[in-house]
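In the two complexes that follow, chain A is the common piece, with chain B as its partner first and chain C second.
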Partner chain A sequence: MSRNSLVFGFGLAVALLAGWVAFPRALYSKRPQPVEFLHKTHAEKSGITDCAQCHAFRDDGEFAGLPANDTCAGCHSDHIGTTATEATLVDHYIKSGQETPWLVYSRQPANVWFSHAIHVRRAGLACADCHGSYGDSDQVRVYEVNRISGYSRDIWGHSMSRLDRAAGDGMKMSDCEDCHRRRGIEVGCLGCHQ
Partner chain B sequence: MSARYGMVIDLDRCTGCGACMLACAAENNVPSLPQASARTGLTPMLVRKISNGGEGSERREAFIPILCMHCEHETPCVHVCPQQAVEVDKATGIVMQMPQRCLGCRYCMTACPYHARYFNWWDPAWPKGMEKSLNPGVAVRMRGVVEKCNLCHARLHAAKEKAAAAGKREIDPADYIPACVEACPTAAIHFGNLADPRDPVSQQSHSPDAFRLLEHLDTQPKVYYKSKEPWVRALSEPNSGPSMEAKHV
Partner chain C sequence: MKVTRRDLFVWGAGAAAGMVFSPVPWKLLDDVSIWTQNWPWIPQPPHGPIEVKQSFCTLCPQGCAMKVKMAGGCPVGVAGVSGNPVTRGALCPLAFGVHQLNWHPQRLRAVRHKRVSSSWSEARAAFAKACGEGPIVIVDGRPGSAASSVLASFAEEQKGSYRVALSLETRALLPYEAMVSPVIPASALGYDLERAQTIVSFGAPLLDGWGIPGRFTRLWSERAAGMSEPQLRLIQIEDSLSRTATRAWRWVAIRPGSKNALAAGLARVLVEEHLVSARGPLSALTVSDAALQTNLSESAIRDLARTMVAKPPVLAIAGDERPEIAALNFILGSVGSPGGIVRRSKPTEKYELANAAIPNARAVLIDASVPWDYAPPTDAEIFRFAAWDGGSNRADWLLPAPGFLEEFTDVNSAPTSAVETYGVAPQLTKPMFEIHSAAQFLSAIDSSFTNPETIIHQRCADLFRERAGTVYGQEIMPVAELDSAQKFEAELSKAALWVADAPKSASLLCELKEWPSTSPAESPRNWSAAWAAAVLPPLATKLYRESSLREAPDRRTA
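Right, the complex of A and B next:
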């Protein structure tokens, strides 16, 4: 191997590392969730198996998203365990009447209109089809926010190249379009934008 | 079935109160900027005063709300947009403006024969505390983009969602009524599906008193006006219509 191709190879490696490793790390800042919530613990210990038990629809069809503290207080009105997380949830949020400021991984930009009712009730999609298998998570995920746009990393997805995306990774407009195209569903711009 | 949403505005009932303008601004998060003038402000719904040009007892005046006419054919704004930021929705006939795609060239404003498009000259701002009353169903437009009436698309979204939650495919027409229609105290603005022959609005659009602005351009607006006064109906004729002026509310 000539010296030139070594230099080229080294330069390429440095550039790729900078692009695929260093840049994403610099682009996203990490923020901790206010409470270390584990879906798996809730599924196993309290027998909650249906997402809708906490993530419910309102009467007008709007999706309520993350549950309010009232829902948590159904069980956590007082300390259930002895963990520090439990103390934070009960003392800091539920008893003080202050809503837990959850960081929402799948929060879309303000100009996106998405109806859970249409996708879940009418089209019959499962939660995991877009959100991934949250229910199995046994550790709280780090919330990463794009320093430039302020959007959650889940919108772009965790694969920077987006070539080896897992199902449910990435919630960009092109991801919505892919699924719509496969199903032959056509909507205009304002079908999904507001 | 694809709908063709449109309006019939009864000019004999319009008192020029401007409630439609306020309702539109509140619904669509239109900022009221102190530096904006009648020419530079954002008024997706604008009530203008018209007169027959006469003097004394001969003079007649009326008010006419101007909004996007949702042209069905040869839609001028769609043709000139270099960004494809405007499109006529196949399912509803609504001319949809995508501010996020707009580059702010304002060709569409020049092309629109109805002057129903507005440019965001400034960053949107509200008096302190008022941002809490913004409509969460409508994204605030940024500085440097064009906007216009989308026939209160957020309300169509809400109606679609309600229908889906109830397991229905078609929306209930009672769930989708634009803010200006709802706010009009004299019920001068009627909204409905022009493609449905049983819809009262569709029937009114065929009334002999009904007319459209600049009909000779063949843009086929889906906003109809109605008046029993021949001088008001003359608005549909090229260059012979009554004089029009902007009214400040």
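Right, the complex of A and C next:
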């Protein structure tokens, strides 16, 4: 092999390594959730089996998103354990009346009009189809924020190439388009961007 | 081993090739484009609960019902309300970006006097001084609203004059004022489109922004679209193949400027061939004169007249103020009859029009509901309320008014509506700076006036007392079934719509003494003339300007 090929190959390898390994680490920073919330523990200990028990729909069919502290206070109005997380939740948020500032993995720009009611009730999608099997997790997922765009890593998905993603990993506009295309459902620009 | 300059170049080429096959350029491109949406000077709604509230669009007199998506208390999106019986879920294309208008760069944020920054107290003092020095004129764009009562009472108290700038569709109804008795102002008349079977449009853009968005388009899609023998026949008389003309059952292409001649020719055929029961009056124009002017053959005019009456009720609609079309409707027997021109509300006083001469006025106050391009024919000092600064304007004072959903207000029947409606648009968002409506401004000068909120409460109570009509909210409820005035008002405050019972068209008497001689000068016929906001929302600009969704404003004369 000629010297030129070797040097060229070395440059190529360094760039590939930097691009695929170092770049993702540099691009995302990790942030802790304000409270360590475990979906699995809640499902097992309090018999919550349906996502909609906490992530409810309002009477008018709109999705209420994350439950407010009132919902948590149903059980956690006072300490029901001795963990530091319990103390933070009860003392810092519930008793002080301050809403827990959850870092939302699936937060989209405010100009995206997404109706959970249409997707869940009419199209019959499961929560995990878009959010992954997060409801079964027994540990708090790390919230990784993109240093440039400010959105969570869940939007791009965990695979940098986006080629080998698990179902429900990634929430880019192209993911919505793919799903709509597969199901033959047409929506114009104004369907989502209003 | 010695590293040469060549090695560095070759290494660089390898690294560049490697970069192309790494996610770096592609991911950076995506992230940077998202980053540009988050620049600090781009307004971002606060984080907070996402809710959907209901209200009405108050940017033009149509007052369409809309669902407003709110994020942390800020409107971030709008959609139509399918359960609303008037709009039936439709909004105009402009409205889809209406929530962006409050942050528009041309938003008026402070009082300006002769384009220089001033204050509310100075503006109030200047107006109070003007009131003491001579007659004032107050111009309103939405007569009949609670705020209008304040404006009219103030003008009366000051021995000034209250004028109205009517929407284009209402101006097209002005010629009927002289025809019907008891006297009914154009703003209390409407078109009974739902019962008409043949509609002859003289250039009215019925499928392209005329009247309430969704009313005629839905009717047309249910009863005419794609049918070779439609239940509703739309005949479009127009010199160019407009969007309405392309979809109409028949397009009658005539020479520009000959609509009046055609109306006169059609009336003559209708009477001479005993196709209608009316016997006149008729224009001096013969059918052959009309044929000459319109570039149609005599037989085409005769055929058109026969086709018009083949499927009654038939209604002629003008795109602007055109007494000849009103006279044609009289000949057709369509004034005051089902499927024609109907009275939708009780007779009220006639309004003085804004474009009439304003002699000797000391000051003119223009409400924000008046379209920006209205210029009062006077040299008086002008106090102009507006939420957006639309550019050059003769106003001495520019006074920032509430923008989208920034005030509690009421919404009256839309200009072309055949039934009376009443709604209350709740204030959904807090203003970002000191703003006042013209009614609030006048109430602050003379506190003896009842404020618009109290007038709205009174109107709700009055409507409830009559026990008539139906409320369209989350549920449809006849007013007679509601327990109390409070419940009625509570429903309306959540942007439910009160709709009166069917119009009483039979009680209209009409008379036409002679065929009108000339039409007044043509007014702009496009939808944009009715848009009260001086600016377009960015989204509408993109959709409208780049996709040519609608025709550009057209000021041709016909």
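Throughout what follows, the second predicted complex is superposed on the first by the 184 of 194 C-alpha atoms of A that agree within 3 Å, B and C clash if a C-alpha of one lies under 4 Å from a C-alpha of the other, contacts with A are read in each partner's own complex, and residues count from 1 in each chain.
As a working rule, a contact is a pair of C-beta atoms (placed from the backbone, for glycine too) under 8 Å apart; a residue touches a chain by one contact, two chains touch by 3 or more.
Given the structure is predicted, the values throughout are model-derived calculations rather than measurements.
*Asks:* Clash or fit: what happens to chain B and chain C when chain A is overlaid?
*Replies:* After superposition on chain A, which the two structures share, chain B runs into chain C.
*Asks:* So in the superposed three-chain picture, is A:82 touching just chain B, just chain C, both, or none of them (first/second/both/neither)?
*Replies:* A:82: touches no partner chain.
*Asks:* In the overlay, answer first, second, both or neither for which of chain B and chain C A:117 touches.
*Replies:* First partner only.
*Asks:* Quick one: classify A:148 as touching chain B (first), chain C (second), both or neither.
*Replies:* The answer is second: A:148 touches chain C but not chain B.
*Asks:* So, A:156: does it touch chain B (first), chain C (second), both, or neither?
*Replies:* Only chain C is touched by A:156; chain B is not.
*Asks:* Touching A:139 in the superposition: chain B (first), chain C (second), both, neither?
*Replies:* Neither partner.
*Asks:* Looking at chain A, does chain B or chain C touch a larger number of its residues?
*Replies:* After superposition, C is the partner touching more of chain A.
*Asks:* Determine, under the contact definition given at the top, whether A:190 touches first (chain B), second (chain C), both, or neither.
*Replies:* Both partners, chain B and chain C.
*Asks:* Among the options 6-14, 168-176 or 420-428, identify the stretch of chain C whose C-alpha atoms clash with chain B after superposing on A.
*Replies:* Stretch 168-176 of chain C has C-alpha atoms clashing with chain B.
*Asks:* Hey, what residues of chain A end up touching chain B and chain C alike?
*Replies:* 60, 62, 109-111, 113, 190, 193-194
*Asks:* Provide the residue numbers of chain B that touch chain A in the complex, in ascending order.
*Replies:* Residue list for chain B touching chain A: 87, 89-92, 94, 96, 98-101, 137-140, 150, 153-154, 157-158, 160-167, 169.
*Asks:* Quick check: in the complex, which residue numbers of chain A touch chain C?
*Replies:* Listed in rising order, the residues are 3-4, 7-16, 18-20, 23-24, 27, 60, 62-65, 68, 109-111, 113, 146, 148-151, 156, 160-161, 190, 193-194.
*Asks:* Give every residue of chain A touching chain B within the complex, in rising order.
*Replies:* Within the complex, chain A contacts chain B at residues 57, 60-62, 109-111, 113, 115, 117-118, 121-122, 186-191, 193-194.
*Asks:* In the complex, go through chain C and note every residue touching chain A.
*Replies:* 6-7, 10-19, 21-24, 27-28, 30-32, 34-35, 37-38, 44-45, 49-52, 69, 71, 76-79, 96-97, 99, 474, 539, 543
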